[in-house]
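Here the chain labels run A, B, C and D in written order, and each chain numbers its own residues starting at 1.
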Amino acid sequence: MNLTIDVVEEKDYCVVKLHGEIDVYTAPKLKKEILPLTEQKGNKVKIDLEHINYLDSTGLGVFISAYKSTKENDGELKLIHVRDRVLRLFKVTGLHEIMAVDEKDRGE
Amino acid sequence: MEDFDFIEMKVPAKAEYVGVLRLGVSGIASRMGFSYEAIEDLKVALSEAATNVVAHAYENKEKGELTLGFGVYENRLEVMVSDQGESFNFEEIKNRIGPVTYSEDLKSVSQMREGGFGLFLINALMDKVEINNEYGVIVLMTKYLDETEVDVNDQVQAKQ
Amino acid sequence: MEDFDFIEMKVPAKAEYVGVLRLGVSGIASRMGFSYEAIEDLKVALSEAATNVVAHAYENKEKGELTLGFGVYENRLEVMVSDQGESFNFEEIKNRIGPVTYSEDLKSVSQMREGGFGLFLINALMDKVEINNEYGVIVLMTKYLDETEVDVNDQVQAKQ
Amino acid sequence: MNLTIDVVEEKDYCVVKLHGEIDVYTAPKLKKEILPLTEQKGNKVKIDLEHINYLDSTGLGVFISAYKSTKENDGELKLIHVRDRVLRLFKVTGLHEIMAVDEKDRGE
């Protein structure tokens, strides 16, 4: 029921590794961690969802605001290692057409 | 009358208890023999309805309660999420919920909405959804064990 | 007054729902920050009380209900398991519950009892236990987050 | 919340491998599987609890009746690979003094 967030920051990109569940309880913490990263000019933010076993619209909302923020700051946002179930929610809501949602990218 | 088991859970309308409700529905649904996929759908749909209670029902009050009812039938699970908080006008919110579209995004990224997916997801993931918001809000959703039993008409039905 | 959250679950008094209640208590207890060990203790104690409701409360009735209440406090979790079934005489059952002893076994294997561990385990695993059986049975048990807060006197208290 | 039971029967002993939870819901099924094994004259029954992640007094009750039944039929009952948590319940109730409860035996 909890979420752990590990951020690896490099010079011009960073990887955010998430473990656990993203819901109304954990989403505020996630937003607080991710938004500052997206506000750095030109930053490339990769969010690794490999170990996310639950996500709902509160999580989608956080990723949308992160996406908007990167766009405004000439950065990039990419969701990587997205599992079937989670991917399904991006597809149903049409968000996979807008954001970079990558289920296969297992490299850098 | 059709025989069924009724299960009730009442929790404070707080974010920290939504995960507990999710455990409840996954236990009941797995006991009933729902598939892994269907259990995930139920967890999301229930969480969306519960999140709305936490986020919207008691905006002008200090605290409130969330009541969850499960109807366990031979062939389906009914999940009822209700609050005694504020109601809403279904016609009014209708045009700010639903999936996003690429054209919407192209218009203006900064105006892209960050919410409005909850009721839409409930409707997409469950077989039948009814909303009653005469007094507080009641979301009644049904999922069938055997997916072939699903009604053709799976639109949100607003009862006002 | 001390502030706390109250959570309620009601299920039919059937064996198949005891596991669902266990999921509930493990969710609440892990949210509160209980250790893995303490959560396991809570699961067993709750299941023992719930099993008794399923097994004994409604022996002469076709069906009944099990009500579970959680009091979530800053420093402890209170779990209340109650039924509206038959009561029992605490003094009467006192000598057929408790741990087994080697001498008991040596006397006669065939007479070794197979039950009577439920209330004993509840008492061993929780910090404080109260039983009320005026009307139906109510088992109220408490577990503290910080084990140093535990009362020295941890015997079952029968209130009749 | 469920229990799966796999029985490997040899000439004069058998191993019962259990996976899951033993509670009021699954105990009756367990009893029905185990008791006939204990009723075979001189049978040695090993019950492997390595993959039992939950057990309460309903499970203890089943093992006691299996123990009694083996005694009456000149057989043996042994619980093997018992985990810490489960072992604790045997200790608290005093049953580990009576029955063979082995936490370490990983061989035959």
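As a convention for this text, a contact is a pair of C-beta atoms (placed from the backbone, for glycine too) under 8 Å apart; a residue touches a chain by one contact, two chains touch by 3 or more.
The structure presented is a predicted model; accordingly, all values stated were derived computationally and were not measured.
For the pairs B-D and C-D, the larger set of C-beta contacts lies at C-D.
Subunit C has its Cα centroid 33 Å from the Cα centroid of subunit B. Taking each chain's centre as the mean of its C-alpha atoms, subunit A lies 47 Å from subunit D. Per-chain CA centroids place subunit B at a distance of 43 Å from subunit D. Between the CA-based centres of subunit C and subunit D the separation comes to 24 Å, rounded to the whole angstrom.
Residues of subunit D in contact with two or more other chains: 1.
Contacts with at least two other chains are made by residues 16, 19-20, 22-23, 27, 31 of subunit B. Chain contacts here follow an irregular pattern that is not a line, a ring, a star or a complete set. Pairs of chains meeting the touch criterion: A-B, A-C, B-C, B-D, C-D. Taken in their complex, subunit C has these residues touching subunit B: 5-12, 14, 16-17, 19-20, 23-24, 26-28, 31. Interface of subunit D with subunit B (complex): residues 1.
On subunit D, the positions that touch subunit C within their shared complex are 1, 21, 23-25, 54, 56-58, 60-61, 64-65, 67-68, 71-72, 85, 89, 92-95, 97-98.
For subunit C in complex with subunit A, the residues that touch the partner chain are 27, 30-31.
Residue ranges of subunit B in contact with subunit A, taken from their complex: 15-16, 18-20, 22-23, 37, 40, 43-44, 47-48, 50-51, 54-55, 99-102, 105, 109-110, 112-115, 117-118, 120-121, 124-125.
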